[in-house]
Amino acid sequence: MLKIEQINLSYGEIQVLWDMSLQIPEGQIVALLGANSAGKSSTINAISGIEKISSGRITFQGKDISKMAPHEIVELGVIQVPEGRKLFNFMTIEENLLLGAYSKHARKDIKKNIRRVYDMFPILEERKDQLAGDMSGGQQQMCAIGRGLMSNPKLLIIDELSLGLAPILVQELLRTLTTIKDEGITIMLVEQNVKQSLAISNYAYVLENGRVAIQGDAAQLTEDPHLKKAYLGM
Amino acid sequence: MSKKHIFPILLAICAALYPVLSDDRYIMNILIMILLYATIASGWNILGGYGGQLSLGHALFFGLGAYTSTLLYLNFGLSPWVGMIIAVIVCIIAGMLIGIPTFKLRGPYFTLGTIAFAEVIRHVTLYWRDLTNGSMGLNIKYEPSFAAMIFKEYEYYYWLILGLLVLTTLLVHWIDRNKMGYYLKAIREDEDAAETLGINTSKYKMLAMMISTGITGLAGVFYAQFNLFFEPESVFHMNISTEIALIAIIGGAGTVYGPILGAFIIIPLNEILRASFPDIHGMNYFVYGILLIVIVILTPNGLLPIITKWWDKIFRKKVSKTKGVTKYDLESQ
Amino acid sequence: MMILQTLISGILLGGIYALISMGLNMILGVVRIINFAHGEFLMIAMYLSYIFYAWGGMDPYVSAIFIVIILFVLGLITQKGLIEPILDKPASTKIFATLGLSIVLQNLALMIFDANYLSVTTPYQSSVVNLLGIAISVPRLVSFGVVIAIVILLYLFLQKTMVGRAIRAVSMQRQAAYLVGVNVKRIYLLAFGIGTALVGLAGSMLMPIYSVYPTLGASFVLIAFVVVVLGGMGNMFGAFYGGLMIGVIESLAGVIFSPGLKEVIYFIIFILVLLIKPTGIFSKGKGSEAVGL
Amino acid sequence: MILKVNNVSKHFQGVKAVNGTSFHVEEKEIVGVIGPNGAGKTTLFNLISGSLPVTSGTIEFKGETITNQKAYILCKKGIGRTYQVVKPFGTISVLENVMVGAFNKHNSRDQAAKISKEILKQVGLYEKRDQIGNSLTLADKKRLEVAKALATQPALLLLDEVMAGLNPSEVKEILPLILQLRDEGITIVIIEHLMEVVMTICDRIVVVHHGEKIAEGTPKEIANHPEVIKAYLGDEVSYA
Amino acid sequence: MKKKWMLVVVICVAMVLAACGDETSAGEGSEEIKIGTVFPLTGSLALLGGESFRGVELAVKEVNANGGIDGKQVKLVNSDAVDADAAQSEATRLINKEGINLLVGSFSSGISYAASEVAERNGAQYWELGAVADNVTDRNYQSIIRVNPPASYFSVTHINFIKNVVAEQIGKELKDIKVAITHEDSAYGTTIAKEAEKLAKEEGIDIVTTQSYSSTSNDLSSVILNLKKAQPDLVIAVSYINDAILLSKQSEELGYKIPILVGSGGGHTLTDYQKSVGDLANGVFNIDFPQYEINTDFTPGLEEFMKLYEEQYGEKPQSGHSLSNYMGMKVMIQAIDDAGSVDVEKVREAAMNIKIEKGTTATGWGVEFDSESGQNTAGEAYLTQWIDGELLTVWPEEVSIHEPVFKK
């Protein structure tokens, strides 16, 4: 579905991605793992069109998206739920969700989608008129995912879902992701929380210094001694 | 004396000899204006260029200097030479008082704060007629004498302001080469990082403010003695503040000689444009505005760095500063 | 009675300030540019209004429709041609680019219209409604009504429409706006256009009250800055309250102290607000800080 | 004991970024502070270095209470730090960057320059001393961070993720430097994600999670601490 | 180090420029008489500055058409003195670069100060034809000659008008008349107001309030409310155009009818004022330089001037500024003619010897200079009134073409 081929990305003179390639097949959850500054966020920002790659190719459903503007990529159904939620803090939950449906292809389904989000996260419906900035971290993350779902995503990229959240909540949210996958939405999960993400993923890439260091089936990677070493140095 | 000091010294000497070579008062008048604005812009540069605090209210101190010494002269017959010292002190104190609140503001808020202070003083001056003579301005009677700092010959003004500029430049040069300059630049780039490197940022900003306002006030005294007439609009107006900042920025803020270059560009430009379109009212400023936009967009860091680069390219075969990066990157792969 | 009359005059004057400042605020909040040429757009609008009146015999209230459209387009051109290329440049570049624009426009007007004070004559320009002994000028009342209408429309637009929400989204959280598919550049364009269109409307409303001359903008732009800071930079409705406040302060200060001290007093209030609550009196606190100015 | 953090908390509008954390650092020790993203490590550094005021608790440095003192005063007293998000002074040269730090203890420019050059040699940036800060690569900017902090001649050095974003060979270059600094008598507290690094160079490790200290001990103890493994790799649950 | 090289270049360029300057200024001795003009032609003073300049231009055109001075054509060398700073620089240029020693100006007092300082210092002569601040001639500079009446003369007319006409009209004793003053706070407004206050005190007239405000003010409601509170019988207003318009419009808006409004030139004279406020202008008095609806028996040459003006510019004059500058310029030309040279001392001497009776010039002013200050003491300000959209001269009687009208 999404294919990244040999991309390079630099901020000014600092190169952060080096000939990176990866693939995300339709209907799966693919995890992108790695320590801080390994290049995870740069990768997905390249996909979303926020950062422009210097060479290589990104294709989505066969279409080259590497030169497209962010809003055009959103229009295609590639939706990013950014790290740190990045909600519109001074808007209500509902307004945040509505803005999720900003792109043209999503507007016709606003009613249907908002119902779906509220069913998925009933707490959001309860608090729909509260300011997003006043919500707890978990609720904010739900709102962010909900906002992503409002865009009628084909591919949902979720960055650091577990950041700053209690483990129980993370479990709950991850479980929701499998439900979303079952509805036919492909998910790219960018995470530090290795075990939990691998548990729900089909396939995983581990990045190190802007390159793919390890990749493989999720189940297989869980047992990989390299992984433990990469994270705990053991 | 090292070799690198020869050029500025040579230059200063050349400049000082100029009146001997020519007695054209018109050119001399323009040169005096250029040197005056170069001095003020150099003063602004310490705070705005080195310290990165973009003040658009410096006319306040220009006017304050002019008013202080002139009022002392007119009311108490105090010689402007003494008045000058008092004016500088007054300006420094005013700079401190204004610095205390405005330095809490950052970025555009600071700029707007300085504009507001200058406006307050301008309107107070207009209103407080008993002290300031309001909008009628102050007029010093033309009675040439050394004690009154009024000269018949323009040469003396020229040498006086040249001396002031040289002293200012020496001071800026000293700051540039010493702890203070480094600290101010650090504050300009990142205040938080500067603080963790042991810099008392408020203290250094305040110091920069005080030096800057002192120089501006001094220039104000000179202006009063040279023009012998000024009014609130001609010393306090925001246009003066913006012109001061503009000169420093166009020349190259945060460099020793940038403001001087800026003054040599902006002041003659104004004169030339004014003389070029005598029949179409407004054309000169119209062109000036367009040039201004073009210059600031094309050279956000001022002209001096660009000119220096050209100069290097033509006369020196020095390795460009960024070349090292690529080389190292290849190695590190 | 006197105080009441002062208050009413102040509020009506504040309405005018609000109308001018709302446009400035929109540009400030979304595009994050301090537009020193804002006053010159007001001047252009008033000259246009004069042209429509003098050459087409059109009442300023009627020509307002055209002027709003023309100013909107002028705003688009300015954003595209001048502002967009300098968005990433240092603060000094932004300040002097818009200052330069204001010089250019001012002198363009001087070249075209000379320094004459031009005004229109309308049958209602000196009409007064008397309400319980308080005199209320009709054109000022009309402009106040327009301000109220604009506030309501703007509120509806920003709160209830998708584009309006996108404008707010961009002012709050630029990156996330990209990620929900907002074309941020186009929103900038739109915001600048709306900002100048609002000041265009202000010009039309002012024409029956004031005369227009080339340096008119300068006398309004500093007040607009004061209003915007008071209301909270980027806080769309703060400008409305801020405008009313400055209007009332200006009137009261003139009556209580002296008309010559009006400016001093509102600039001092401006400085105090900057110091005590730099986000503006009417902001919700962190809101305008998030705007990033 | 050079640094003592007593029950320190920092709340941001109700969010408890640091919550009642206590630990101490002995002289000439290298202490690692680890924990997942958002655990409050950097906030902890900001509290110690004076960049942020604490909500409650006290901090002692060399036996003196330094809670809520200004950053520049603490720097004068001997606390140096680096930033995780590098903050080079972008438009001035690398040498000038470091000299700003060196002026902390020296007033003369020549001396500051001399010391700075030595430090630049030490961190391997000497060749690039004339480049401007912004033109450096990320790795070099990290080095520059260290060099700036070193130039202030600190007794205690707080290093915030100086190795994040470096490639393994670069990491290998910087490790001996840290050990050498310790040998020169500088106490070091280091926030690091690269466990390999932490495990090899640290004498002791403090683990924080959700703003609280969940473990403390030698690298070995920490590596086998169940809480730590849970915090890092997550719970051993399977959904698939 | 390289930076310093640049400076060398810049200085060198400046010196070359300077050298060129020397050459051009040397060129003199042509068959023309050059006179430098210092008027604000752009910026906020442009409106009346430009109007004043036209008067000078017309006088020169006229003398040139009649064969010039002693067969020499008069050539105006113009400059744009936007403000005092520009005036300083432009006057220096005219004197030193163009080699001119006779200057005229300027409409604005600030510009007048600056330009006359330069003239004094450079041994040139400066003729002021329009600026009214008394202080310009109070300095007793030998370099300055002013033809137009200064602000204090305006104030004299103000007070005389109250004393001789208003008191009788409203049936009050002089000491019972309540007078209020409003003025914009630039030099022009402040001087006239101050003088009027002083004279009123001498005459025992009660000044109930003095309101000053910035001429760039957008709102005068507080001024008007303060007037309303003070309940004066008569308001002396010293205003530029914008505030004159605001004063009339806003007092109407605020439901305050000013019983008798006497302007002091500036805004209240202008046709723009009348156009802007429409009927509100009717009945407004104004003290100023001579205007056009005047008893032409007393102002011979006025009609010719009007004709010339319309021929030249295709419109009617905005205000009397052009006329008084025209008259002043003619006095200057006469002085040069009498002197038979452009030598400043000779011209001054010639000027001091000119005696012209009142009622024989286009402005009706006479000419008699005070040899100390250089001020023409035979000038005077007249009272006009807007009646049915026309600015008619109503007082003093010798120039009036209409009786002053008082609304009851």
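Chains: A, B, C, D and E, in written order; residue numbering restarts at 1 for each.
The rule is simple: a residue touches a chain if its C-beta (ideal position, glycine included) is under 8 Å from a C-beta of that chain, and two chains touch if they have at least 3 such contacts.
Computed from a predicted model, the values in this text were never measured in an experiment.
Enquirer: By CA centroid distance, what chain is farthest from chain C?
Expert: Checked the centroid distances; the maximum from chain C is D.
Enquirer: So which chain is farthest from chain A, going by the mean of the CA atoms in each chain?
Expert: E
Enquirer: Please report how many Å separate the Cα centroid of chain C from that of chain E, as a whole number.
Expert: Centre-to-centre distance between chain C and chain E: 36 Å.
Enquirer: Quick one: chain B and chain D, Cα centre-to-centre, how many Å?
Expert: Comparing mean C-alpha positions, chain D is 42 Å from chain B.
Enquirer: Counting only Cα atoms for the centres, state how far chain B is from chain C in Å.
Expert: About 33 Å, centre to centre.
Enquirer: On a C-alpha centroid basis, what's the spacing between chain C and chain D, in Å?
Expert: 49
Enquirer: Would you please write down the residue numbers of chain B that are in contact with two or more other chains?
Expert: 123, 126-127, 281-282, 284-285, 322, 325, 329
Enquirer: Counting only residues that touch at least two other chains, what does the list for chain D look like?
Expert: Each of 135-137, 167 in chain D touches at least two other chains.
Enquirer: Touching two or more other chains, which residues of chain C qualify?
Expert: 107, 110, 114-115, 214, 258, 260, 263 - these are the residues of chain C that touch more than one other chain.
Enquirer: Write out the stretch or stretches of chain E touching chain C in their complex.
Expert: Touching chain C from chain E are residues 42-44, 46-47, 49-50, 185, 211-214, 216-223, 225-226, 228-229, 241-242, 245-246, 249-250, 252-256, 270, 272-273, 275-280, 318.
Enquirer: Along chain B, where are the residues that touch chain D in the complex?
Expert: 177-179, 182-183, 185-186, 189-190, 192-201, 254, 321-322, 324-325, 328-329, 332
Enquirer: Considering the complex alone, what residue numbers of chain D touch chain A?
Expert: 15, 36-38, 134-138, 141, 161, 164-168, 193-200, 210, 223, 228-230, 232-240
Enquirer: Sort out for me which residues of chain C touch chain A in the complex.
Expert: Answer in residue numbers: 159, 162, 165-166, 168-169, 172-173, 175-176, 178-184, 284, 286-287, 290.
Enquirer: Under the stated contact criterion, what part of chain A meets chain D in this complex?
Expert: The contact residues of chain A facing chain D are 12-16, 35-37, 137, 160, 162-164, 166-167, 170-171, 174-175, 178, 192-197, 199-201, 209, 218-219, 228-234.
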